[in-house]
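Chain naming follows the written order as A, B, C, D and E, and within any one chain the residues start at number 1.
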């Protein structure tokens, strides 16, 4: 039985962890979910590493950085930590960060947080169970949250 | 008996370490506290790692970065070091940084430093003794110091 | 039989992985190619490390960062992760990033992505099979994608 | 017999290493000093690590970054390296950097470099021999070089 | 017999590797030189680490970052990687980077690249064979390429 970790924060303004668990369960069975919550995004890296070393095959790291410069810096630090945690464990962490200034208002922000979380939950599922599906989607301009942008027009090379 | 480390600096203008110890003792018993002080925030990472490797289950890293660009850079470097120290030990460090330019005057800055330290001391206690409490607070817009911002209005998904 | 890894993203708008595999096959034989696709550039470092530890002798990491400041930051984080992955495995990863704002329009961007990928595929091949060829090209102002700039005029020293 | 390392640079415009050794000798006995000099601040991290692994209990890393943006970046890289060296060895490195643009003229810069070096030499001594002295100075707004700023007025909490 | 590694790039516009080898040979005998060339500066860290683990006692890493913001970021990433490679191997890497915007024209740039490379080759030689010579040069304001700035006037402390 595979194990998927889901870690979110009390700082976020949407229950991203619950959304991720819901979407993962819609994708399929054959795995258990371990859920954890930490105060802020800088607490995510070590918590993800603890889960990966505790048997999780992949972990989703969910957070909502604020709009100020110091928040951007925290997000950068958290991202670097998540990359290091992956390199130390040899397993993937799917980072799902929704920045407050990506949306025009609170309603759109809530919508964006849910949609990006759900789309990345599908990525996590595919990475674990159907990695060849991602190869078929290579270079197709996928986005998580807002609309996909699609492949470039004018690209001469087709597979 | 669990052990909680508390490390602050001589650079800070508030005795954050003493406040943290006071708040931890209000939270409960069943743990001992190890207190250390270093000159500045860039000395925190290795001191926290020494405590974690010496048996502490979690450590609070407390500091007050100055307002200049070089101070911001030091805070960034210290934060990166704290994240690395966590990844190397597999244990949490609760970073409590209060930036001088977050407050309007010295009185508010002192108030902010004390309140953020106390709120994060509670986080540290919960992470060690009641981690499921944090899961129940997921996505509720918690802040340490200033007012919580709460969950987003308009978020369609409820747990 | 040597093994070359090729990892690209679903975020990119050109199938860079397919182009890389095509160019590698034009360069010669005597190697097998392992192809993987991940969602975004920050997922590249650990995937490359997994391939390198799984027997690949060199890996190409292909991506197309967007034009916004947050995209630049992601590219920086991915690059740092790729450098760490190399240092941890003692093997080379050829990073091929094409930034959306490097080109004037979509047609040029598609052209640039293909050409840079092909030129770096040649570098990857030479690094693995003919490293002395690169020594002969030292200091000659090679660029991948746009025109080479060539060696400096006025440089008094010639080998 | 404890060992204290002192590493400075040929790039600096003040013999910071000699000043550090002089101040350490004024502080007390019971230790030997190992002195090294490297070209620039980015050469400090590995030299400090070599000394710490060679038996030093603590090392002072002394440098004078220039005023240009590239110099600031070098200082950032050196600082990150010094933090990593500490985490890898589990010992403290006291970073003493004096930025050229901190002073109004060459005379003040020379004064600042000497004073900051001497004050940090005392910190290094206390960290090794009297760490409880630093705990008593927690939150008192110590600065190295310019005047201490002292504790905040209005801070309600007293130890 | 000691071994010195020299690694440069095909991206550079001056054959810095050949210049470094030439200068090292003028400094003395008693060592062999291992020469490698990689595509760009971000390929330097792992190549240097490979050489250091393969028996080199010190390595020179030579590159010419371009003038654009993305080039500055690449130089930063390469520098961080070079510092990590040093910390992982416990040996020095002498970074010799010449930024295109340091010079007024191509002729000066070529001159600067050659002179800085030669001066750092001497540093590499001294670090390996005469480290005490660098201690005697501590705090004397050495620069590589442009004129040395010398020690500060007004510095009260003399060794």
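Please note the rule applied: contacts are C-beta pairs under 8 Å (C-beta built on N, C-alpha and C of every residue); 3 or more make two chains touch, one makes a residue touch a chain.
A quick note: this is a predicted structure, and the numbers were derived from the prediction, not measured.
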Practice prompt. Would you kindly give the rotation angle relating chain A to chain D, two copies of one sequence, based on a CA superposition and rounded to a multiple of 5 degrees?
Written response: 145
Worksheet item: How would the chain D/chain E interface be labelled, same or different, where same requires over half of its residue numbers to be shared?
Response: different
Worksheet item: So how far apart, in whole Å, are chain C and chain E when each is placed at the average of its C-alpha atoms?
Response: 25
Worksheet item: Just curious, how far off is chain E from chain B if you go by their C-alpha centres, in Å?
Response: 40
Worksheet item: Can you list the residues of chain E that touch 2 or more other chains?
Response: 80, 84
Practice prompt. Could you draw the chains as nodes, link the ones that touch, and say if you get a line, ring, star, complete or other?
Written response: ring
Worksheet item: Order of chains around the ring, counting from chain D in the direction of chain E?
Response: D, E, C, A, B
Worksheet item: In their complex, what parts of chain C are in touch with chain E?
Response: 72, 76, 79-80, 82-84, 86-87, 90-95, 99, 120, 123, 127, 131, 134-135, 137-144, 149-159
Worksheet entry | For the chain C and chain A complex, residues of the former touching the latter | 8-19, 22, 35-39, 42-43, 45-47, 49-50, 53, 70, 73-74, 77-78, 80-81, 84-85, 88, 106-107, 109-111, 113-114
